[in-house]
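Everything on this sheet refers to the single structure shown next.
Going by the order they are written in, the chains are A, B and C; count residues from 1 in each one.
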Amino acid sequence: MDFGPYLMLASLEGAVTAAVLALMAAGLSLVFGVMRVVNVAHGEFYMLGAVLAWVVASMAGGGAAGFVLALAVAPLVVGAVAAAADVTVLKHLDYDPERTIVATIGLLYILQQLTLMGYGPEARPVEPPFNARIALPWVEWGQGGPQLYWPWGLSITSYKLFVIGAAAAVLAGLWALMTHTRIGLMMRATQLDGEMAQAFGIPVERVYALVFGLGAALAALAGVLIVPIQQAHYLMGGDALLLSFIVVIIGGLGSLAGTVIAAILIGMSDGIISVFFSPTLAKIIATLLVAFVLVFRPEGLMGKRAR
Amino acid sequence: MSALLSTRALSKSFGGLRAVHEVDFDLAPGEIRALIGPNGAGKTTFVSMLIGRVAPTSGSIAFDGRDITRLPAHARVALGMAYTFQITSVFARLEVAENVALAARRRLGRDRAAVARESAAALDRVGLGAHAGALPGDLSYGHQRLLELAMGLAQRPRLLILDEPTQGLADSEIEAFKVLIRDLAGETTILLIEHNMGVVMELAHRITVLNFGEVLAEGSPAEIHASAAVQTAYLGTGADA
Amino acid sequence: MTARVLALHGGLIAVLLALHFLLPAYHHGNLARVMVLACYAIGYNVLFGYTGLLSLGHAMFFAAGMYGMGLPLHFLGIGAELAFLAGLLSAAALALVVGLLALRTAGVAFMIVTLMFSEAVYLTILLAGKWTRGDEGVVLERAERVFFGLDLSDPDIRYLAALALFALCLFLTLWLVRQPAGRVLIAIRENDERARLLGYDIFRHKLAAVVISGTISGAAGAAYGLLFGYVGATFAEVQYSIFPLLWVLLGGAGTIIGPFFGVLFMFYLIDLSSGITSAYMLIAGIALVLLTLFAPQGLAGELRRRRMRWLP
């Protein structure tokens, strides 16, 4: 394949990564934005979504119906688990930032290891509901002007296009929820000043549980969407958490728009960088990037400098 | 004139808000100076710049003839400035004696006997000698204020900045405080931010009045008391007197 | 140092020495491991328990000590004594660099930055698989593990060497926290703004704490490699950053004796549970949640709060 078509393929694959990443990072960013806590167990909610997708799909006997069912059930279940964790653990820590991180590390291992015990160490696939191969054309300058042709290998599946579309739709829905609904207003009020919100009669505790659940459900949804492309495995949360951290920190903690832009940037470049570097080296660069952004530009690369 | 501390055109703005604006201020050695002004006049911002907790937007600060505008807070303290917090800030979970020892130790270093002597003397001086083994968290508010003061004393500063030291004290405690400050007058220079006009009028050699971040007036207690400008800006409101 | 403080900590060392003659082989071997890991926990505690800085990346210092010792020993044949020193220096140098960068941040950002640096160190070890052999690791031969004429692969010598290192770390930190500089670290933990306005250079004290903490952790890593003859990337994984936090939280942050009991307790908890499930990190996870919820002071911390106010 020539370089041009190859780059286009890499960008399309990158767009799929970006879509899933944006969903997951939006959840992490939402939780940090409203509750001011860093949820280290966020990757495990993603993993749980993927594993539950397999469980639900195989219980329903596979096929498109199983996947659709998983798409509805997995985020709900994971969201409920997260909300329960908020009410039983985080609330009692008064959302103290450092103690919350330690507790969510504990939660990370509990979820991961329980999955290992129940689901096992295997990686398992879920069948996509539809998976038509769509060949893509490329433009070439032949004799007498531009010509369309279909290079061998330049294609994308209908499912991957669906993932991109679904993520965009969900993010648009999240934005509408935050800006145009009563519950979104409550969340934003809580984000600005929790005590003041409480004084104005907003049930801050319930808002926190809801936000923590919603954030986890977004991660789980990302997990369900990815599982027909990658398989479900009990350790898949770690890398996903790292990537979400990168996105959220570069996009500026707590900003939804910044998060989406950063997810597109990271998702796209992830595909392209891995062409040039080994995956390990790419990850080293990514971790150091997060560290240096926090050290030298803590408001994020795109965020505004506070005060 | 050799001022111990002086500022030139010292300014600080937060965003568009001018908290302190071009303040020229001179403090003579051995003086007790009171800094007064209505709430929000910029008093705390001004002394925060003096001690180095807040960086000025422009202007300069000199201590003992040396420009300290860019010096970090700990280095200013090492030069002989000490600061007691408006909102009590002690080590609540360390013993009272250790609180004061931490203040004394920077100067006295490893000499354990000297640190113990200095700490005990500072605690006795503020009348907390009996509470050396207690935890500050268990002390009354007034006693915590006194501990804060003892931590200032134990540093043997050349300039002691007291940010509203009598706030929340009972009348009897305020009387004891006045005695203590008069007693200190010969040893160190004192800059006192104070709302209690009784304390100010009795203790201060000179008074500086800040209003809207600028020096409104400066003079002896009698002059300030007589000043019409001060009356309207500050005393006239009467609320804090 | 007061007599009871000396008696308590000296007593622990004496008991551990007595156990050397009493324990059956299995527990004898376990306790040697526990003592080395307790040195790691003590190192972590200098930063977390005494200075109030929560690092999520101490595995990088443990690994720097381990690889800084193991690689020159295995590939350059510099001898165990020099190799141990190289391990210490590697950890100290890494701690200095990480401290200079990470201390520009505080709180949550400090936690994430240390986590990321540690992850980068782990990945670098994998990247340099040609020498480190990645997850598989490097096995140190018996002949390489001779330290001033002592064969560290011998179980008896190993136990006594572990005990010696543990005693050294224990009394070193006991001495440190009673020094003027050590008292300043505690003051920083309690109220860093107040400590700054007493004239202490907070940054330099914190940096010193990072370097001391990192070097002790590195000493533990180097000793672990020498005593148990293995240098592997597992010890650089994020789990090995979480463990010392867990141990110290369990044993009691900001106590000298707590970290040892945290390691001991956790070691045997995981050892016992391994008969039931391979998912041993589940125990760690549950312990972390329960500790943050119900006993943030840890074992020794509760003891100090309830009856032994003098516990250092």
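Rule of thumb we're sticking to: a residue touches a chain if its C-beta (ideal position, glycine included) is under 8 Å from a C-beta of that chain, and two chains touch if they have at least 3 such contacts.
According to UniProt, the chain labels map to these proteins: A = Amino acid/amide ABC transporter membrane protein 1 (HAAT family); B = Amino acid/amide ABC transporter ATP-binding protein 1 (HAAT family); C = Amino acid/amide ABC transporter membrane protein 2 (HAAT family).
The structure displayed is predicted, hence computed values, not measured ones.
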item	value
Pairwise touch network: line, ring, star, complete, or other	line
Farthest-lying chain, centroid of Cα atoms versus that of chain C	B
Distance between chain centroids, defined by C-alpha means - chain B, chain C (Å)	43
Inter-centroid spacing, chain C versus chain A (mean Cα positions, whole Å)	35
Centre-to-centre distance between chain B and chain A (centres being mean Cα positions), rounded to whole Å	52
Residue numbers on chain B that touch chain C, as the complex places them	51, 53, 72-75, 77-78, 82-83, 85, 89-94, 98, 101-103, 105-106, 109-110, 151, 155
Residues of chain C defined as touching chain B within the complex	179-180, 183-184, 186-187, 190-191, 193-202
Touching residues (chain side chain A, partner chain C) in the complex	38, 89, 92-93, 97-99, 101-103, 105-114, 116-117, 238, 242, 245, 249, 278, 280-281, 283-284, 287-288, 290-292, 294-296, 298
Partner chain A, residues of chain C touching it in the complex	54, 56, 101-102, 104-105, 107-109, 111-113, 116-117, 119-120, 123-124, 126-127, 238, 242, 245, 249, 277-282, 284-289, 292-293, 296
